[in-house]
Amino acid sequence: MDFRERIIKTETLSKDIHLIRIRSERITDSAIPGQFVNVRCCSGLDAYLRRPISICRVCRSDKTFDIAYMKRGKGTSLLCNFREGDAIDVIGPLGSGFTMPEAGEKIAVVGGGIGIFPLLYLVNSCNDVDKTVFLGFRSKDAVVLKDDFERSSNKLVIATDDGTFGIKGFVTGPFYDWLKTNRPDKVYTCGPLPMIKSVAEYCIERDIFCEVSMEQRMGCGIGACLVCACKVKEGLDFGYARVCRDGPVFRAERLLFE
Amino acid sequence: MDLSVNIAGMKLKNPVIAASGTFGFGREYSKFFDLNRLGGISVKGLTLEPRKGNRPPRIAETPGGILNSVGLQNPGVHAFIRDEIPFLRGFDTAVIANVAGNTVEDYRAIVEILSDADIDAIELNVSCPNVKEGCLMFGSTASGVFEVTGAVRKVCKKPLIVKLSPNVTDITEIARAAEAAGADCVSLINTLLGMSIDIEKRKPVLANIMGGLSGPAVKPVAVRMVYETAKAVKIPVIGMGGISNGNDAVEFMLAGASAVMVGTAGFVNPNVWVETVQGIEKYMRENGFEKAADLTGALII
Amino acid sequence: MDLSVNIAGMKLKNPVIAASGTFGFGREYSKFFDLNRLGGISVKGLTLEPRKGNRPPRIAETPGGILNSVGLQNPGVHAFIRDEIPFLRGFDTAVIANVAGNTVEDYRAIVEILSDADIDAIELNVSCPNVKEGCLMFGSTASGVFEVTGAVRKVCKKPLIVKLSPNVTDITEIARAAEAAGADCVSLINTLLGMSIDIEKRKPVLANIMGGLSGPAVKPVAVRMVYETAKAVKIPVIGMGGISNGNDAVEFMLAGASAVMVGTAGFVNPNVWVETVQGIEKYMRENGFEKAADLTGALII
Amino acid sequence: MDFRERIIKTETLSKDIHLIRIRSERITDSAIPGQFVNVRCCSGLDAYLRRPISICRVCRSDKTFDIAYMKRGKGTSLLCNFREGDAIDVIGPLGSGFTMPEAGEKIAVVGGGIGIFPLLYLVNSCNDVDKTVFLGFRSKDAVVLKDDFERSSNKLVIATDDGTFGIKGFVTGPFYDWLKTNRPDKVYTCGPLPMIKSVAEYCIERDIFCEVSMEQRMGCGIGACLVCACKVKEGLDFGYARVCRDGPVFRAERLLFE
């Protein structure tokens, strides 16, 4: 099997956030929102393991999909070297996706930081749904994909930690305010642990359907090595599910946050 | 050209085996390539009872390698026999049950159960660095390895492979203990004990603090130990540690290995097992080897 | 900010020392940077009489590391005292004499000679993997280390550092033996025994067959051993093995090292020693450490 | 110290032989024939050690020098990725050079394979000297830099192993023939071990001044690590000299070939 695909374009969304558009029939034909690809950032040893990156946008007609990533460590720094026309080695689509809302349902989406990327694909993919999106960023400079979210949602609320854009503070604030007067059929969340934990617990208490996309360091990315453990309920006991295969999307009730 | 090798009473169609713990029970990778192309599969380490494994994070990337601290998460030997053997038997490849325990009694019990199961061999993991008690202790002394191998041998009706730890002063002493206690074969190396620190958080990357190092970084240590071991024992040696292609596999075979296992490299390249078989074949063709078995120990000193 | 550290009765201006065998006697690298910037220099391993060393090839590149089999080529302790100390004393940096021998008597004799020389400390290499007899044997057992350290201690008037081999089952046992026998400090790790094969020639790359592995590949093993050792002994620990920048050095210090040595990385980047000092400084600044000594063991478990 | 210099051009000389021209005042100002540079082939771990490559041509006026290399293993394969305008990290000039002939002297130069590169710089650098050059290659396809050698020597003899170009057989054949009727003041040789050994012994027997450029695997490349050992006479005994610093050029009499 050859996992190399062609890069159609690269784009810098903010200081640290970059986007790569890739043509791949294999991936666009079967991907669903919430899934990720496992990317080889170099051909050698410098960032030896693949990096999991969510699928952020899919265009079935021209067989392309986007990934957006934050430049952090070795692997994502190497990703910044890729250019239009280069081949990129991507395994995917991998993992479970979100449970898609039914037509006519009302959903809320709560994303923070790099957690917003899989959520864009989600809101882009559901039609006839009332979508309210809450996004949290560090500051104004970090705000990305705002127009895209705006276009595909009914309402977009942005919060920044430092108040330089939108509402000041954590994004959970406006979301919980909104919940006082709204009852969504489904809530989806992805982002920093404190945020997703809070959202999950809030929804569970109120008996609202909630799905959470989890992150964990990965080895194989396909379910074989058991390194990407995520603590989940197993009857009265607990166990470890695989983020790469049993997830990354889990029902909130199933998760045991540590 | 004949790629098949005979080890420990098994005939493998080629010398390439998927390394335990990196390949689950084969299901996941079966979607990537035809498992019939493998010489064998060593399954995820099994214990008598199901095990949850260690807290995450369980993996850290290091220069040219990885640390893992999975800690033997597995569904237990009974679930393996019930749920996994039928699937694995759908392929024409050797099935090796990798087993671990905390006590000699554990090892004896699980081997007794597996002796009646439809598998080709048992690989005794006496060297897992990721569990607090138990197998690491056995694997680090010759007497420990002798004791557990001997106890198991009495009840083992399958070819018995003992998997050795590299975290020892003298691997040959340990290998000879396994041989003396009745092992049909030794496999090595398991992972090197290592540690990695996140200096921003000032905490170990792994929740377990330490983990086992594998991948290309360990290859020279593994080749050395395979070379030493192959000279020290008469039973066959299965070599592993950082193999990423056919050339690496040939290196282990020239050093004395009769077969090889490949693990970590598959995380990066799911084709690695098939490519390793092809690479060995290519080397044999270009260097005039008729039989893969002739590569074993063909080093010129 | 205070970068200085006190170890084994020496005050180093910063915690970065050039590792033995990678830095000669400092002459060559002095053309690349100002040796005054180093905390110290551990010179090429010295023996009583001059040594020729092993046949070439003496180096092999491996994934993320190198194997070497120099085998203690050196001009002997007398030539060192006569020709090299005056040069080294031209710089304001600690001079550490790394010594090796075949017998306890050798070690005693060379340490006696060096005790009267103008150096700051003696580093006992009981762990060189590249010579047939002698130091590797001592380094691989607690009793061997105890014996040689004890014998040397009696005649040693300088701070005594014992350099440990990583090729052992339990590094803490060895470190404790060194401490019990009177070492002022332990340094680790020396190289991991490894081997590499040229599959085209079907021969080991190194004429000596095996060699010592160093460089980034060994870092996780080294960090683990430093962590274990620092918890096991009260004397200070000098950490090394694959350090390539300030962040790596900080990793060793958080794990428990009071100072670090840097070797192989200098082959690739002759600025590595200076950059390591700068990197430690940067980390301290960004993370609110006033004294480099406070980094030692500052890991949060 | 920063060892990065700019690449002025790259060129493919034959299937396996490539040339890189580098601008470096530091190196061109002090280099002498026989010296080498130690090249970093990548910034990461894939070819961890530097590779020693001889200086093949120097142009003092425009501050450029050339290296020519054969694509063999990991490092030299990575070198092939470098392009005009890229930065390249080169330490040098390193090692001892050849003893330059005096004006009016007669010299012979015997090179084989990748051993020809330092010899081009040598013949390029000596004026008022009678220069006869013998070069050996595998076959016609492998012949490189012929015009350059031709231009700067009085006579050029080429041999190929398979006879597809010039004289068939080892280059030592025509050289020894030539020696029957010529007595050079100095002989310089670089190339495969059997060749340089034969040339060295031949010259020693006839008491002809001969210098040999040696190869050995290197660590530091500057004399500090003692890995690049080369067996030499030391009085009645032997010892190991450092190819990187005591060499790569040695007087033939000093060497002990194994």
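A, B, C and D label the chains in the order they appear, each numbered from 1.
Just so it is clear, contacts are C-beta pairs under 8 Å (C-beta built on N, C-alpha and C of every residue); 3 or more make two chains touch, one makes a residue touch a chain.
Quick caveat, the model's predicted, so the values are computed rather than measured.
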Interchain centroid distance [CA atoms averaged], chain A/chain D, Å: 56
Chain centre separation (chain A, chain B; CA means) in Å: 36
Distance from the mean Cα position of chain C to that of chain B, given in whole angstrom: 33
Whole-Å gap separating chain A and chain C, where each centre is the average of the chain's CA atoms: 47
Touching two or more other chains - residue numbers and ranges from chain B: 60, 63-65, 215-216
Shared interface positions of chain A, touching two or more other chains: 45
Category of the chain touch graph - line, ring, star, complete, other: ring
Chain-chain contacts as defined at top: A-B, A-D, B-C, C-D
Residues on chain B engaged by chain C in the complex (per definition of touch): 60, 62-65, 67, 140-141, 167-170, 192-197, 199, 201-204, 209-210, 213, 215-221, 223-224, 227, 242, 247, 250-251, 254-255, 283, 298-301
Interface residues, chain D side, partner chain C - complex: 1, 40, 45, 47-50, 74, 91, 216-231, 238-240, 245, 258
Sites on chain D touched by chain A in the complex: 42-46
Of chain C, residues touching chain D in the complex: 21-24, 27-29, 31-33, 44, 52-61, 63-66, 68, 70, 73, 215-216, 264, 266-268, 270-271
